[in-house]
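One chain, chain A, appears in both complexes that follow, with chain B as partner in the first and chain C in the second.
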Partner chain A sequence: MVFLVISLVTLIAAILSLESRELVYGAVALALSFLGVAAIFILLDALYLAMFQILVYIGSISVLIIFVIMLVRREKWSTIKSGNERIVGIVTALTFFLVIGYVSYNSGLSNIITPNSSIPDFYDIGIQMINDYWLILEVTGLVLAVSVIGALTMAKIERKN
Partner chain B sequence: MEPLFNYFILSLALLSVGIYGLIAKRNAIRLLFSVEIIINAAIINFVAFARYSETPIVTGQTFAIFAIALAAAEAAVGLAIIVQAFRLNNDIDVLELKKLRG
Partner chain C sequence: METFEDFLKRILSILFWLLLLSPVIIFPVFFLLIPLLGISVPTTNEFLTALIDPIKGIQLANKYGVGPSSTFFKIAAFPGFTFAALIATITILYERKLIAKVQLRVGPLYAGRFEGVLQPIADLFKLLGKEIVVPEKADKFFFWSAPILSIGLGAALLAVLPLSPNIYIARSDVSLLIPFAIIGFSPLIVLIAAWASSNKFAFIGGLRALHQLVAYEIPMLISVLGVVILSGSLDLISIVESQQQVWFIFPQLLGAIIFYITILSELERVPFDIPEAETELVSGWLTEYTGMHFGLLQLGVYIKFYALSLLFTLLFLGGWYGPAFLPPLAWLLIKLFFVITIVILPRAVMPRLRIDQLIRLGWVWLIVLSFINLFIAVIEVSLGVI
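Coming up: the complex of A and B.
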């Protein structure tokens, strides 16, 4: 029951973030959808990951998106009509959902009912991140640094004329 | 707890919503929304499949943390590109950004 409510909120907020008339409301709905995903993580006993999701997604990405929307907002965006693309998108997404859902329902995936008994905590995540995946950790830090430098460089380009 | 298939269907539905947004929307910021929704669907799958595996592992959560960090970097660069395109073209409709067309 809890799962049903949370997943419905997540899905409706995701659809609303794409379909809302005003872009700022869309960004707020996207933050609500991220919050629903964090609740899904809590249901999956991943408390640390839920905290990380709320910190990074709602705390930084949503706020960054809202700031950018306020910088580049135009009134005419709410009047752009999308013609054929919407029908093509709905048909493609529905076909994808139905085909993959049907195939996976008939596979062995729907037989897995119970999770394993031990609940992993963030101590294990830290141990594994340092011992096994230290190279990925280093490269992730490098990618973050490079992306910050790239964003700053792009923000400094002046208009030519 | 719920069976694994429910989490899989939720992730699949989120992925479908993201694909619909990528196809149907013309505003660059909404395309960025779609990419974030798709990344969230992938992370749900990571965590759910790790939780329901036969041997207890945390690899799914570890890689979910890496994926969230990379999504943050991607959002920062994407928003910088959008702001720059807006400053150069005064518009972020992706059908109007034609300067790279050969």
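Coming up: the complex of A and C.
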């Protein structure tokens, strides 16, 4: 029941964020749908993940999106194309998700038996990250550092011109 | 222009009509709706006795599941909202008197017999009596939702903050992260309020608040990580329990200073009150808010003030630990008011920073210093100092 309500709110907010004519409403609806995803994480007993979902997606990403929307002129972006393109888009998305859903429903995913031990907490996540996935962790850190340095360089070049 | 007599007449006529119409509302509810739904309500005798006798009152509240040990009471009254609002009210008066004394003024003086102690209540009635003005071009939905969201954010912050080993609303493994996640909503609320006002001062204030957030949020999180490394836990209660021997402000002095600066910045207090700079932006993102809207926004800010000061007390000042002649809660409140004092004091003496100075401070100094603080914590743990 709770899951149904949360997923309904999430989906409606996600659709609203695409379809609303006022861009700021859309951005706030996007934040609401991120919050719904965090609530689903809480339902799955993954409080740690939910908190980081809120911190990263609502605390920074949706705030940045609203920031950009407020700086950009409204008239340029608010023309929503109607007609054929929208129908094609909806049909493509529906087909894609039906195929993906069919494949994953018929794969072995639906009858995986999880070990009946306690719920993994953030200690386990940390141990796994350091021991098994240390390479991926370091590569991710490297990519982030490179992107920060790249952004700084680009900002300096633009300021010179 | 309404005179005081007209005002009294209006109030009395409203009361008269309410009394006249009350049977029409009360009789159907009591004699039709409640028997149909099968809810048991207290009889008039029970209710009136409970109003006079506190013990009977507690018994009656226990019978309906809202007694002092129930979750509802915890959320609404004692460790939760009402207590925080009370501390926030005391903080407002304390701030005005303290700054007045520092600047050799007298501060609020007339409300109440002694030193203007009733000034917050007088202010509350003033705000309640004021007209709520919504600008014509404002976005009505967002304009109305910002004060409610602000007070909701303040209340949600209190959910996991313990006051002593037994007094808390909820306990969680990751209870340190939850306040930081909830604080992440505050720029969203500021931006909504600023955008909905459709006022250039409010809008500039909102954009400044966002710049400020980007500058201080990262050092805020990283400065706390040192404490997490030393105590080996994200649970606030076990973090406090690991400070039984040494308060973390001694091994983590740098982290405490950084966290203090970011608290000032989060609460938009002097010297970081750039988003609501009175001399430049009228009142920043609060410009268009009047009456009780403004009151709710201010109450939300002051509850956030209480929550962050409490967080500083729990993380760095050893929470409820102290010599045994006072109970834990008393020690916590003493430390809390010490933190509130040092957060208030800069307002009396400091000038305001510019926005570019704040951004430089955040990105160049605070982030680097908070990483140095993290390394200090790692060295202390590996050398076994703590």
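Please note the rule applied: the second predicted complex is superposed on the first by the 124 of 161 C-alpha atoms of A that agree within 3 Å, B and C clash if a C-alpha of one lies under 4 Å from a C-alpha of the other, contacts with A are read in each partner's own complex, and residues count from 1 in each chain.
Throughout what follows, contacts are C-beta pairs under 8 Å (C-beta built on N, C-alpha and C of every residue); 3 or more make two chains touch, one makes a residue touch a chain.
Just so it is clear, the model here is predicted, and its values are computed rather than measured.
Asks: Which of the two partners, first being chain B and second being chain C, lies in contact with A:5: first, second, both, or neither?
Replies: neither
Asks: Per the contact definition in the header, classify A:130: touching chain B only (first), chain C only (second), both, or neither.
Replies: After superposing on A, A:130 lies clear of both chain B and chain C.
Asks: Considering only touches as defined above, state whether A:48 meets chain B (first), chain C (second), both or neither.
Replies: both
Asks: Look at A:33 in the shared chain and tell me whether it touches chain B only, chain C only, both, or neither; answer first, second, both or neither.
Replies: A:33: touches chain B, not chain C.
Asks: For the overlaid complexes, name the partner, chain B or chain C, with more touching residues on chain A.
Replies: Per-residue touch count on chain A favours B.
Asks: Per the contact definition in the header, classify A:103: touching chain B only (first), chain C only (second), both, or neither.
Replies: Touch partners of A:103: none, neither chain B nor chain C.
Asks: Regarding the shared-chain residue A:24, is it in contact with chain B (first), chain C (second), both, or neither?
Replies: Touch status of A:24: second partner only.
Asks: Looking at the overlay, does A:86 come into contact with chain B only (first), chain C only (second), both, or neither?
Replies: The first partner, chain B, only.
Asks: Using the superposition on chain A as set up above, list the residues of chain A that contact both chain B and chain C.
Replies: Common to the two interfaces on chain A: residues 48, 52, 60.
Asks: Going by the contact rule set out above, which residues of chain C touch chain A in the complex?
Replies: 139, 142, 172-174, 177-178, 180-185, 187-188, 191-192, 195, 203, 206-207, 210, 213, 217, 234
Asks: In the complex formed with chain C, which residues of chain A make contact?
Replies: So the residues of chain A touching chain C come out as 24, 28, 31, 47-48, 51-52, 54-55, 58-60, 62-63, 66-67, 70, 121-122.
Asks: Going by the contact rule at the top, pick out the chain B residues touching chain A in the complex.
Replies: Listed in rising order, the residues are 1-10, 12-27, 29-30, 32-34, 36-37, 40, 43-44, 47-48, 50-59, 61-62, 64-66, 68-77, 79-84, 86-88, 91-93.
Asks: Show me the residue ranges of chain A that touch chain B in the complex, using the header's touch definition.
Replies: 3, 7, 10-11, 14-15, 17-18, 23, 26-27, 30, 33-34, 37, 40-41, 43-46, 48-49, 52-53, 56-57, 60-61, 64-65, 68-69, 71-72, 74, 77, 80, 82, 85-86, 88-90, 92-94, 96-97, 100-101, 104-105, 109-110, 112-118, 120, 124-125, 128-129, 133, 136-137, 140, 143-144, 147-148, 150-151, 154-155, 157, 159
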